[in-house]
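Next, two complexes with chain A in common: one pairs it with chain B, the other with chain C.
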Partner chain A sequence: MDAIAVMLITQGIHGLAYGMLLFLVASGFTLIFGMMGILNIAHASFFMLAAYFAFQIMQWSGSFWLALLLAPIAIAGLGILMERLMLRQIRKFKLGKAVVLFELMLTVGIMVCIEEAVKNLWGTDPEIVNAPELLRGLVQFFGMTYPVYRIFIIGLSCSILLLLGLILFKTRLGNVVRAAVQDADMAGALGVNVPLVFTLVFGLGTWLAGIAGVAAAPMLTVFPGLANQMMLDSFIVVALGGFGSLFGAFVISMLLGELTAFGIQFFPGYSTIILFGFMALVLTIRPSGLFGEKE
Partner chain B sequence: MKNSFRKWLLWAAILAGLYTAPVLFGVFELNLLLGASIFALFSLSLNLLLSFTGLLSFGHAMFFASGAYGTALVLTRLDGCSLLSAIFVGAASAVLVALVLSPLLVRVGGHTFAMLTMAFSQIMYATVMKFSHLTGGNDGMSGFPIPPLVIPAVGLIDMSLERNFYYFSISILGLSAWVMWFFTRTPFGSIMVSIRDNPDRVTYLGFNVPLSKAIILGVSAGFAGVAGSVYALFQNMVSVDGVLGPLSSFTPLINCFIGGLGTFIGPVFGTGIGTILLELMSAHPEQAQLVFSLVLISVVLFLPGGAIMLYWKITSRWIVLRNKFQTAILKGNHES
Partner chain C sequence: MLIWGKPRSAMLLEVKNLQSYYGLSHVLQGVSLTVHSGEIVGLLGRNGMGKSTTLKSIMGMVRPRSGSVRFQNQEIAGQEPYRIARAGIGYVPEERRIFSNLTVLENLMMGVKPGDDQTKNGWTLPKLYHHFPFMKDRPAQKGGHLSGGEQQMLSIARALMGNPKLLLVDEPTEGLAPLMVREVREVLSKINQEGVSILIVEHNLQVALSLADRVYLMGKGTIGFTGSVQELKAQPHVQEQYLSV
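Then we have the complex of A and B:
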């Protein structure tokens, strides 16, 4: 195979790995928004925090697998606490339309808080998380060499995606969750414990962000600014894919991953402008997104 | 009557305080005060959208940045540009940005408005980085000349003197704040509030809601531009991370919330509290932002009206206590 084709395919798999991580973050983001109408600005901060948790757990125990198991659970716990203790508190004020502003501001406060807490606890220097022994090194296929770890990320994300799909579309719990995403009031009227489902989905969403954070830690360096890029990208995914649409989030995540990977090569500097311009256009012409259902 | 007299007295005291500040304080406190005033105006302009029209903007920094870059560019590129016209160019470029974007922005509200403004400020960030031959890219622009203020029949006022610059900028900022306050008191200001509360009703009454929103956006952007323009003159430097960084749109929002939503003057208190907080924490700059964010979270959770509501609560409590006290004394007198 010639060099250009190898480069293109390598770059393509790079994009796929980033797109998968992005989807893990954005799926939680879009589920939470679709169900509770809360645009959780702090969602990507949970992703960043998970990477730091993974770093810390590996400092203590040295096991990546332990980090992959424990860090997302800890993050989900924090997410559930945030939902139970804070977001629910705001609804008690009976602020009417202004409740949206207060919820957004609360998540902004939590975002700043997480970022500053991370800076205080671990410092601003980038930390390096090593991939486990098993996943280091390169793999040979079709005459190309490729880092194993990225293949692992793709595999992991795919299996979580499958699991999520099975739970959401094949179980009763999934039916309840999807019903609550569609119309929380109606689901409540039919006897679903909507507050409990809210907490569950918030926990699930942050857990997904946590998995993505741990998985991203060895691939990207761990630093406080990690949340910024992820936040903006997941914003684009959710806005373009449609609020609350998992399928839309998946398609746009993959496209965005590839665009980021190839954009660096072919049109450096312009990809942000194009992306956000496209996002602005979609938001104004079709506020429900490309794949979302019209309201 | 008594109330309005007290109000005027309060305003006179604030004005006198601001104008005697250079006599009382050193350069450091003066710069702190001026910096806070700039951000107070910036927050006030955001509050026009937030409290009065009910639109949450996550990208208000783009108007601040347009003002700052507009002024910096015209002072760098154009020799002999006067001070007031430089500020005017700053404000005008912010209004221009707002008017160009308004056809898209006026159609939406709520979350979509927040995300759209955020997208536009990101586009602006990328554009500023891309046109680095004009804007200096990552390094920003600095060292542009600050012309003296020319007043006919009085002469030149040198702006390199700290005290002169302070008087000049505080006048510009105060005047802008006053014009904005006046704007909220006009009939149009009432339309603004009605758009927040019930846009459909405003349409039925025969007002053009999108056009009104565009005007509000233009006014808000213009004053953010004035703030940015004075900021550029004050710092004599504009950097992309300073005016368009990740937190620059959130800081005025946080000020509005801490000060108190739904009032005109709230953001000024919020900025004051923020500045004092950061100054108190100046020994531990790493923790300052953390404390700031915790203050924001607790305000949102426990005191949705912000500092103003706290003040009202305290004063009303005090009035209640005083009444109790007086009735107790009267009763006591009566009984004895």
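Then we have the complex of A and C:
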């Protein structure tokens, strides 16, 4: 096989793996911001914090799998606390549409707090998290070699996407979530404990960011700035994918992953401009995004 | 003690001196009304008099500033809507408010209250399908793709899935074709015969008076007249004062 094909496929897999991680984060952001309308700028900070939690758990126990299990649960717990103690409270002031502004300011504050806390606890130097024995090295098929860990990320993300889809579209809870997101007052009048449902969804959204953070740790460098790129990318995904559309979020995440991978290769320096310019353009002419339903 | 004649049924809902605001505007200025078990009670009046707000205040969707709402001898004023729904009140809102992204069946299942066994007694799916055959034929159709009349039926059926003792129904025939108006009227009548009490806000006077046992007429946030349908019919000047445009 010639060198160019190898390069294309390698970059392609790299893009796919990053796209999948992005989708995990952005699907949580889609649930919280796109569907429930709660603007949480600190969402990707939970992603970054989860990577540090994974690092710490592995320092203590040496087990990546334990980190993959525990860190996202701890992150979801923090998310639920933030929703209950802060975001829920400002909604009580009946600020109308201005509530999003207050959420923006509040969660920017949280974002800065998390970043500074991480710097104080773990320092600013990058930390290394090793993939578990099972997922190291390369695997060969069709005459190509692939890093096992990237394949694992793709598989893990696909499974979680499938699980999320099943929960949302095949269970009573999913039914209730989709109804409460569309018309919370009506769902309440039918006997649904809407505040509890929203807390659960918020927890689920941050759990997804947590899973992504742990999975990303061995692939990307763990450092406090990890949240920034991810937050910007999540915004693009939710804006372009259409607010609240999981399918849209998936497609845009994959596109963005590939664009990032190949952008570096073919037009370094311009890929970010193209991307954000495109987002601004789409928001101008079609605010519901490429896959969102029209109001 | 023996009581001769038709026994007065038990009190189901008792609203006393209910006061509600939208911001600074004083929408309900002391509304009092009752619904007894088995009754259909009409709440009538011109637009903007507070009829819908009365239903929303009973349901807890508008939090009353003061006053009392007793349902089956329990005070429910000021509680969260979901608690009031679970206590046994069903709500069929103005403009139906079907979950448009959910299918017909999913909309129905939204009415089921936690802990209820839907296969047992009460309003089971087969029983609802008997009353509303189109739901059996098209369970997977999106709620948003139904006609106005079908959405109204679905909104009623959704509330029934929670096995309410009392149904609050707001403008069920608004914007419907005459044939559909008659069907909605008949469905409500049948539901009542099954033992569900109904408090209905209805602009179509013919429908309201043919359904209701008693009526309340509202003017500017208070109850102006109360009596049986016969009593209202006997007093054209009252109809003139509260109903004619």
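Criterion: the second predicted complex is superposed on the first by the 292 of 295 C-alpha atoms of A that agree within 3 Å, B and C clash if a C-alpha of one lies under 4 Å from a C-alpha of the other, contacts with A are read in each partner's own complex, and residues count from 1 in each chain.
By our rule, a contact is a pair of C-beta atoms (placed from the backbone, for glycine too) under 8 Å apart; a residue touches a chain by one contact, two chains touch by 3 or more.
The model shown is predicted, which means the values in this text are computed figures rather than measured ones.
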Query raised in the report: If you stack the two complexes on chain A, which partner ends up touching A:126: first (chain B), second (chain C), both, or neither?
Result: neither
Query raised in the report: Between chain B (first) and chain C (second), which, if any, makes contact with A:193: first, second, both or neither?
Result: second
Query raised in the report: With the two structures laid over each other on chain A, which partner does A:176 touch: chain B (first), chain C (second), both, or neither?
Result: second
Query raised in the report: Of the partners chain B and chain C, which touch A:108 in the superposed model: first, second, both, neither?
Result: first
Requested in this report: With the two complexes superposed on chain A, say which partner A:98 touches: chain B (first), chain C (second), both, or neither.
Outcome: first
Query raised in the report: Of the partners chain B and chain C, which touch A:185 in the superposed model: first, second, both, neither?
Result: second
Query - Intersection of the chain A residues that touch chain B with those that touch chain C - result: none
Report summary line: Contacts from chain C onto chain A in the complex sit at residues 59, 61, 80-82, 85-86, 91, 93, 97, 99-102, 106-107, 109-111, 113-114, 158-159, 162
Query - Of all residues in chain A, those that touch chain B in their complex - result: 33, 37, 39, 86, 89-90, 93, 95, 97-98, 100-102, 104-106, 108-110, 112-113, 116-117, 119-120, 228, 232, 235, 239, 243, 269-270, 272-273, 276-277, 279-280, 283-284, 287
Requested in this report: Using the touch definition up top, name the residues of chain A that touch chain C in the complex.
Outcome: 172, 175-176, 178-179, 182-183, 185-194, 293
Query raised in the report: Okay, in this complex, where on chain B does chain A touch?
Result: 50, 54, 56, 104, 107-108, 110-112, 114-116, 118-120, 122-123, 125-127, 129-130, 246-247, 250, 253-254, 257, 261, 286-287, 289-290, 292-294, 296-297, 300-301, 304
